[in-house]
Each structure stands twice: as structure tokens, then as C-alpha cells.
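The data blocks that follow each hold one structure.
Each of the next two complexes has chain A plus one other chain: chain B in the first, chain C in the second.
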Partner chain A sequence: MRVLLDNITKIFGKVVAVNDLTLEVEDGKLVVLLGPSGCGKSTTLLMIAGIYRPTEGKIWFGDNVVNDLPPKDRKIGLVFQSYALYPHMTVFENIAFPLRLKRENKKEIDKKVKKISEFLEIGELLDRKPIQLSGGQQQRVAVARALVKSPDILLLDEPLSNLDAKLRVVMRTELKKMQMRLGITTIFVTHDQSEAMTVADKIAVIKNGVLQQYSSPDELYDIPKNLFVATFVGSPPMNIIEGSLSFKDGNLFFLNPDVRFELPEDMKVVLKQERNTEEVLFGVRPEDVNISYERSGSQDSTSWLVDMIEMMGRELLVTLSREKTMLKTIVDREHVPSIGEKVNVEFTGKVFLFDKYSGKNLLCEE
Partner chain B sequence: MEVKTSSVMGFLGPFLILVLAFYFIPVILTVILSFTSMDYKLSWDFTGFTNFEHFLTQSLTYKVLLTTFVYVALTLIFNVGIAFLLALMTTYFTTHENTAMFFRAIWLLPRLTPVVVYCLLWMWIFEPTQYGLFNTILSLFGKSSSIDWFSSYPMGVIVFANGFIGASFGMVTFSSAIKSISRDYIWSAQVDGAGDWQIIKRIIIPMIKWEIMYIFIWQTLSLLNSYVYILILTDGGPLHETEVWSLYAYHKAFKYMEFGNGAALSLFLVIIGIIFTFISWKIFGFRKMMGQEVSR
Partner chain C sequence: MKGQTPRGATQVIPKRAIYSLKRKKKKERRAQEVRGEAVTFSRRNEIISTIIMTIISIPIFLSYLWLFLSSFSAKMWHGLIPLKFTLHNWRFLWQPIKFGAVMHTSIWPITLNTLLLALAVTISEVLVSTLSGYALSRFRFKGRVMIQGMTMLLHAFPGVALLIAIYYVLYTMRLLDTLWGVMLVKISLEIPMSTNIIKGFFDNIPWDIEWSSFVDGCNRWQTWRYVILPLLKPGIAAISLFSFLSGWGEFLYIYTFIFTSKKQTLATFLNSLIGEFKFVDYGLLSAVATFYMIPTLLFFIFTQKALLQMSFGGRKA
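Up next is the complex of A and B:
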């Protein structure tokens, strides 16, 4: 079922929780609403569920406006972060609850509960109470309860946030697999960008109730539309350095009192846009910063001081500094620098430029 | 850590003395008194089981027992029912918290008014002449003759008067219990297809079972022991129609000065109360409830 949010606004008292949000979720796709806590992503989900009514705008399911439809008539399944398993019911009763409310006959209920619980591998837990289950099992039961009525749309509100780190990684893969097998339109809310990147077909980044960018995970990573998206997506976050642009001898440079970088050819388009070139932000991802120990003179990159080294397992996160400018880089463990050492820096991947005030990516077309 | 017995007694002592003086000793005294024929002369003459034999052989005793049962049952239904209804209205059905609070505060007002004033109000409401509130309302619907509520429906009068004031206690307890149910459960149930009635029946009631049991037992015990409103409103009349057990005991002791008899009646009430509490625990599955972690 295709879901379309058409200029949705939600206001609580004086607080604008969601501001003029337009979003289309294609049939059968998994879309993630991503943003920091309090950004309005859960509010958006609850509006799709029918628990909140949008103050303005329309919500479409397929060809119908569902603004006035109560939750029970929307054919949706919903999983909360808390799972909201009814503690006084057994697992079986929990899963059967939506079917019992529909007054389906007993045999049919038994059959459906059995089928979904086998699908989710919780067949042996049916007699237990939720309190006797582990976090991962509770999560599966909650998903089973959401899916047992064969909904058109599956809504997941931070479904993995209550699990421990290891299980979370396993479950997100399983959720994605399950979603692909069932081909069910799914809207998934999370604040965890890596979770979003792994499961999503498309990601909607939301900040303060406003949609920042809606695109595929690749595009979000490669072409962030603004500073917020650039720094929110990717871990460790993108390096951001303040400075200005200058054009000299046919080359474009980024500079501030501490550093001077020559920028690639394709960035010259920025100059044609008649934008503010005095105050810009330069961005580069830590994984695209390379360090070397010889003095090469090709770029103005000499002599960065190794400030700190953090162990990240497979790699090291190294913090470099040059006067007041800081730069983080990922270094593999074969070439471990030592603190206090001087190194050279080279950018091997994409670099970004943002407007200091609007935060806009200067390389993005309007 | 080792704790000295003397310091334990030092901290517990003052409270223990209070409990002993005002809770424990009266019970012992009641038990002892019930085996005497103490009257206005206040002498301790032990007469064995005479008092019990006496009230067991009187037919009035059985009438009073029945009256008590009817009174407690009706008031309880009224009381707990209205309390639950009020709690639902001011929590589940009212999203605006200030409105809900205002409404609940109004229902608590009778608790602040002196009993006599409260009873006076009900006397006016049930006034047998045309000036009584109920009769005025009836006349608005075209009924010309006034009803003498106190002689026609004495039981109704005491059930109403007791039920209304009693409801506020359950209301406060239930509303806080309902509010402590995580919204996720309600939302989840809504998405699962439950309407208001289904949510109340299948989610809210099972989740506040503990509080319902508490209010149920508490109200029953206090109704068994309460007679002040009845004393002021009807004094057990007409013709023992509203004479409940505790009022019966009060009359025996303080009207006829048969303290021994009164104590015996009271003791009987205590035993009924204890038996009732155990039965309720069984019905509500008290043990099971204590065993399971309360999660909301």
C-alpha cells in the first residue's frame, strides 16, 4: 500500500511537532524516519497510525484519504519501542488479540497464530507470559502481533532500541529480511543512523519537525543536502572546518588562518552561483582523510600534530590538530602513528562545502 | 550490619505504643467484654457465651444481618462502580488534565465537609414535602404528589448518601492507576482493533486489578463498620429497616447500655470482616499477584 503524507503539520499547544511534511512511501518499500529525539518522527508515525490527527494536511493510503479513519480501521500493524505486550495475557493471547477483536473463529485464530509464530520462530513460547521472555523474544512477539492480521502497512517505532547492542545488529538484519520476504510497506522510526542505513530503501531525515532530505541511503551519504544531514549520517561524523574560499591562478582554495586546501576542479561551479564565499564550512569524512609520514609538497597539508588515538577495533580514530583546527581520520592498524608525531594529510574521497549560515550544501542544485 | 535491639526499640517504640493503645488493646477489650454482661454499672461479670446465645436466638439479629448484607452489597456496587466510572471519565475520556482535575476536586469536596452538614444536605434532597430536591424534580415531570423517601425507600436513602461520598476514594485511586498505564498499551490496543469498551474491558480493568481489589476490600470493611450517616439520617428506622449490624451494636451498647452485648456483636463483625478479606484474596488471586512483577 502506497502511503502519501501531503503537507502534514502537527501542532501541540504552541509546539510545532511536525512542520509541513510531504513524503511518499512507495508500495512494498521500507522507509526509515531518521532524526534526533524530539524531532517529530514518532509523532509522524503516530499520525500514520491514526492515534494523532494531523493539524493540517492529508494522509493518503493508496487512493484514500485516511485522516478521519480510526486506528482500528487502517489495516496497520504497530510495534512500539516498549513492545507494549499486554502483561496479563500469554504470548498466544497477545498475538491472537487483534484476531479475537475481529471475532474470527477459534480454528482460524489458532491457525494464523501458529503460522506467524513459526515464521518468527517463537512457536515454543506461546504459553508464556511476556515477563518470562527475553528482550529479543518480546520483540518477536510484538512483531508477530502486528503481522498476524496481515496488515497493509507495518509501522515500527524504535523497535530495536531496547535490545542490547549485539542483538540489535542481528535483529535489524532479520527485520529487513522479513520485510523483503513479505513485501510489506514498512515505516521504521529510529534515531540510529547506522540502523537506518542498513535497513532502509529510503531514508527521511527529520530535524525539528522539518524534513531535511528524503533519499536512498547511498545518496544521503554521498550527497547530503545540508550540514545537518552531513554530520548526522556517518560514523564517526564528518569533519567540519570553518573558513573561506579564494580563487587564485585558476585554482580554488579553501583557507582559514591554520589551513589551506586546494579544492577539486568540479567545485569551481560554486563560484558561478554568486554565493557567499567568505564564510563557508568545509567538510570531509574521517574515512576520506589519509595521513602519510613523508613530506610531500603536493598539497598544503604538511605538519598536522597527532593529538589523540582512539581504538575502534578494526581501525583507529586519530585526532589531528593544526593550531585551532581539528581533523579526525580513520587509520588502519598497520600504520599506527604516535601521539605528538607530525604527519601529512591528503583527501582521498569527496569533500564538501556548506554555507555557514543556511547550512546548505553549496554543490547541490536547488 | 548489626543493629542493637535497644535502638530498634527506640525507633519503633513510640509507634508501637500508639498501635498497642489504640488498635490492639481495644480488640482485646472487645473480646473480653463480649464474654461479660457489662451494663451501665460497668462491672465485669463474666457470663460465658450468654451474649452470643442471646443474639443468635433473636429474630431481629437475622433481619439485621440481611439488612447489612443488602446495604453493603448495594453501596459497594454503587460506590466502586461510580468510582470507576468517574476515574475513566477523568482519565481515559478526558485528555485535558486541568478539566479532569477540577472535576475530581469537586467530587472530593464532601470529604471536607462535616458529616452532619453532608447529611443535612441529603435530608433536604430526600425531604418528603414538595420542597425536597427529588420531589421538586419529580414535580417538574408532572408528578403532583410528593414521595416520602425516608419511609418508602429507606435503604435507597442510605445507599445513595454513603455511596456518593465513598466514591471519591475509589475515584482517586483508580484514576491514578489508569494514568499509570503506559499509553503504548492503549495505542497498541487501538491499532489492534479495540474500541473504547474493549480497551476498558481487556486492557484497563485487568491492569488495575490490584487497585480494584484494594478498593473493593477496603470499602467493604469500612461499610461493614460505618453507621454514622445512617445514625444521623434514619437512626436505623423505620422499624429497623435500615438497622445495619454496626448500628445495631452501637444501639445495644450506647442506647440500651448493654456493653457486653454490644461487644459480642462487634466481635462477630470483626470475624465476618476477616473471613471476607480471605475470600477476596482468593477470588482476586492475591498470591499470584504478589508473585508477578508489576509491570506497566
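Up next is the complex of A and C:
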């Protein structure tokens, strides 16, 4: 079912938790609400669930406004970060609870619970109490309880945050597979950008209750609309360097006291001449910074000093510095520099420019 | 290449790593304990704690045993060892006791009074304080914090300090010398306490669980019935036990506000058995005292299971 949030605002006393949010979730798609903790993701989800009522705006399910519909009539399944299983009921009773409330007959309930618990591979756990389950098992039970009444919409509030790192990676692919198999419209809340990137059809990045960007994971990565999105998405985060722009001899340069980069041709077209001395932020992702080693003894003015090397598994994160300007880069383990060594730097991928004050991506139209 | 550990060098695990491993184990265990999972106590600790607890409870146990035995014996040898079984001490159950010149009323109406008082206190307290505890825990309204503070303050006053004031109130309400009056006093003085207790239990039920039940299809009443009430059972057991005991054991207000001997309760009845004569029939006294304890024991046995099962789970990493 299509979900449309139409200029939704939620105010708690003096706190504006969600500010004029408009978002369309297409039928059968998985949309992630992504943002740092406290940005209003859960509040948004709870409004869709009908637990909070929006202060302003309308929520549409399909062709109906559901603002006045109580949660039980919304045909939704909801999974909390805490799983919120009923501690006094067994796994079976937990999963069967929504069906019992609908007064379905016992045979039907048994059949449905069995089917969903086999689907989620928790068939052997039905007699246990929630406290006797591992975190991953509890999570599956919570998903089973949410899905057992075949809801139109599945809402997941940080469903993986309580799992250990390894299981989290496994479960996110499984959740995605399950969602695709069932084709259920899903809204998934997380603060973890890599989780968001792997599961989402579309991601809504939220900051302080305000929608920053709503687009596909690819687009979010390639064309971030502002500085916040650019630094929040991608790990390790994008390098940001303060400085100004200047045109010289028909070429566009970014410069500050320490560095001077020539910017690619296509930027010249977008950025007009009058942006000459503007204060901007220059951004480049660590994976797009390439280093090359200097011939010994040369005193090249573009060289960078290797400051720090951090192990990241398959790769290394290398911090370079030039006076006060820092630059991080990812280096594979075949070409390990050593601390104190001087290297040259080259940008192999996209570079970005942001307005220093508004944070807007200067290369985005609009 | 510079700055790298040479290949082939033996890897030595530093001491600190071992230490932190051990600490991690300890942490895990503590986490287990917190989660309420069975952590096997070492056998020795178990034995030691059992011995200590036994030693502490022996004197209490012995005195109750003495009370029980002496109620069934005609005579106690040196006041300690029971001799000769008899039911004579329990005669108050089937006949009014004559005691010197005074004819005591039969014990049954008095028992009924006591039971009425205890049950009235229990039922009203459970009803009122679950509702008010829910409100204090779940709703944010003006004066919430103040009300909570005042309930604590009220509880800090000793009942004796209020006797004269209450006497005056009961007098103007024409409730002196009635069981109703005493009931109202007991209930109103104890609701704050039980409200605070039950509020703590509500605070322990996460919002998420309540919300889940709404999404699963409950209306407010069903949420209360199927989710909140079962989770609240230990709390309800606790306050009903406390309020029953306090109603059943009430002495001061009965002694002060009830003048007719027919309207008294077991506590004052027991007192009158001791107080009226210079000599005391210990056999009778212990039989009545034993009788007086029976409902308390029963009530405790029934609520014990609920009292001990307290766990809110469903979250672990």
C-alpha cells in the first residue's frame, strides 16, 4: 500500500520533533528513514502507526486519510528496537496474539503461526518464553508477530540495533530478502548509514526533524544535496576542507593557505565567474583520494605528510596532513606508506563543493 | 617497508590482553545475572548462605512453634516443654468464654469484623492505587510531581500523631464507634503508599509493550486485561498483601475509635484477654493468637508465587 506523509509536523511541548515532512512511499518498496539519534525518526514511525497523532498535516494510506484511525485498524505490523515481546507469553502466544484479538478460530491461528514461524526459522522455539531467547531469536519472533496478520505495511524501528555486529550484517540482508519476497511496503528506521544503503530502495535523510534528501542510495552517495548528507552517508566520512574559489587563466581553483586544487572542467560550467572569492567547503571521499610515492629527495610543493595509519581490515585508513589541512584516504594493503613519509595526492573520483554557511551542494541545481 | 611489524616475529600476547579477557568473562557473567538467567552459585556459597539464614530464622521459628504447641497443651513444663494434649484452649471456637466475671462475646462476629476490615482495606486500596499509580506513571499532568511528593510526606507521619484530628473528623461525620469509620481512615492513610509501590511497577512496563499491543489490535481495555494486568501481578500481590496485613493487624484505630465490644476486632480482643485480669491464661492466649495468625499465613501462601515472579524481559543483545 502506498503511504503518503503530507506536510507532517509533530510538536511535543516546545520540541519540534518532526518539521513539515513530506514523503511518499511507493507500494511494495522499502524506504529507510535515516538520521542521527533524536532527529525524529521514531516519532515519524509512531505517527504512521497511529500511536502519535500529527500536530499538523495528513497521513494517507492509499486513497484514505488515516489520521483518525486507531493503530489496530491500520493493518500495520510494527517491530521495535526493544522487540517489545510480551514477557508473560510464550513465543507461540506472542505470535498468535494479533490473531486471537481478531477472534480467528483456533485451527486457523495454529496454521498461520506455524507457517510464519517456519518462514522465519523459529519453529522450535514456540514453547519458550521471550527471556529464554537470544537477541536474534527475539528479533525474529517480533518480526513474526508483526507479519502474522498479513499487514499492508511493515514498520521497523531500528530492528537490528540490539544485535551484535556480525548478526546485524546477516540479518539486514535477510530482512531485505524477506521484504522482497513478500513485496510488502516497508518503512525501516535506522541511524546506521551502511545498513540504510544495503537495504533501501529509497532513503530519507532527516536532521532535526527536517527532511534533507529523499533519493535512492546511489544518488544519495553520488549527489548529496548538502553537507550534512554528504558527511553522514559514506564511511569513513567525506573529507571536508575550508577555502575559497578562484578563476585564474580560465581554470577554476579551490585554495586555502595550505592547498590549491584545480577543479574539473565541468564544474566551471555550473559555477559562474562571480563566485570568485566565495568561502566554500571542498569535499572528497577518502576512497577517491589516491596517493603516489615521491621519488626520494624531491621537494615537490604538492606533497603531503603521512600522519597516521589505521587498520580497517582489508584496507588502511591513512591520514595525511599539509600544515593545518587534513585529508584521509583509503589505501589497500599492498601499498602501505609509513608514518612521516611524503606522498603525492590525486583525486580519482568526484569532488564536491558546498556553501560554507548554508551547507548547500553548489553543484546541485535548484 | 618502514613502520611495520616484521613478518615472522613471534606474537606475544601482552599480559594486559589476558587480564582484559578475564574481565570480559566477569562482565558477561554479571550481564547474565542481570538478565535473570540461572548463574550457578558455587556450591560452597550456597551452603554458607543456607546456614546463615537458618541460624537467623531459628529463634523466630521456635517462638512460633512454642505458640502453636502451647495452644494444644494443658500445661507447659517450665513454660517450655508442652505436656498433655488438649483442645480446651481452643474452646473459644465453639463457646463464649467466661473469664472471671466478664463474659466475652463469641469470637466469630469479631473475626468477621476483622475480616471485613482487612478485605475492605485490601480491595479499595488495590482498586484505587492501581488506577492512580497508572495515572502517575503514564500521564504527564500539572502537579504530578507535587502529588507524588505529598504522598511520600503523608506516609512519613506516624498514625498516632493524627489520632486527635481523626477523632474530630470522625466525630463530625458521625462515624465514631463504627467499623466504617475505621475502614475509611485506614484506606485513606494507606493509599498513598500503595500508589507509590504500584507506580514503580507501572514504570517498569515499557511503553513499547503497550504500543505493540495497540498495533496488535487491542483496545484500551484489552491492553489492560491481556498485557498490563499480567505484568502487574507481582505489584498487585505486593500491595494486597501489605494492605491485608495492615487491616488485619490494625489495633490503634480500633482501640481509639471503637467503644462497643461487639464491634471490636481480633487485635483488641486479644488485648482485652491480656489486659483485664492480673493472671493470664497462657493456653487460651496462645490458642487465640494462633487462630489470629491463620489468615495471614494463608494470604501469604497465596500471594507468594506472584510476589516472587518478577521479570520484565524481551530485551537483550
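One rule holds for everything that comes next: the second predicted complex is superposed on the first by the 353 of 366 C-alpha atoms of A that agree within 3 Å, B and C clash if a C-alpha of one lies under 4 Å from a C-alpha of the other, contacts with A are read in each partner's own complex, and residues count from 1 in each chain.
The definition used in the following text is that a contact is a pair of C-beta atoms (placed from the backbone, for glycine too) under 8 Å apart; a residue touches a chain by one contact, two chains touch by 3 or more.
Computed from a predicted model, the values in this text were never measured in an experiment.
K.L.:
Will chain C clash with chain B on chain A after the two structures are superposed, or do they fit?
P.N.:
On the shared chain A, the partners clash.
K.L.:
So, A:Gly135: does it touch chain B (first), chain C (second), both, or neither?
P.N.:
In the superposition, A:Gly135 contacts chain C only.
K.L.:
Using the superposition on chain A described above, determine whether A:Asn7 touches chain B (first), chain C (second), both, or neither.
P.N.:
A:Asn7 contacts neither chain B nor chain C.
K.L.:
Have a look at where A:Ser246 lands relative to chain B and chain C in the superposition and call it first, second, both or neither.
P.N.:
Neither: A:Ser246 stays clear of chain B and chain C.
K.L.:
Touch test for A:Asp164: chain B only (first), chain C only (second), both, or neither?
P.N.:
Only chain C is touched by A:Asp164; chain B is not.
K.L.:
Quick check on the superposed pair: does A:Ile309 touch chain B, chain C, both, or neither? Answer first, second, both or neither.
P.N.:
second
K.L.:
Touching A:Glu341, do we find chain B (first), chain C (second), both, or neither?
P.N.:
Once the two structures are laid over each other on A, A:Glu341 reaches chain C alone.
K.L.:
Who wins on chain A residues touched, chain B or chain C?
P.N.:
C
K.L.:
Can you check which stretch of chain B gets into chain C in the overlay, out of 9-17, 135-143 or 189-197?
P.N.:
189-197
K.L.:
Return the residues of chain A at which the contacts from chain B and from chain C coincide.
P.N.:
Shared contact residues on chain A: 46, 49-51, 70-72, 74, 76-78, 80, 82, 84, 86-88, 97-98, 101-102, 129, 131, 145, 149.
K.L.:
Which residues of chain A touch chain C once you look at their complex with the stated criterion?
P.N.:
The contact residues of chain A facing chain C are 46, 49-51, 70-72, 74, 76-78, 80, 82-88, 97-98, 101-102, 129-131, 134-135, 138, 145-146, 149, 162-164, 309, 336, 338-339, 341.
K.L.:
Can you check the complex and tell me which residues of chain C touch chain A?
P.N.:
1-4, 35-37, 206, 208-209, 211-219, 222, 226-227, 230-231, 311-317
K.L.:
Hey, which residues of chain B end up touching chain A in the complex?
P.N.:
182, 184-185, 187-195, 198, 202-203, 206-207, 209, 292-293, 295-296
K.L.:
For a test of understanding, state which residues of chain A touch chain B in their complex under the given definition.
P.N.:
Answer in residue numbers: 46, 49-51, 70-72, 74, 76-78, 80, 82, 84, 86-88, 97-98, 101-102, 129, 131, 145, 149.
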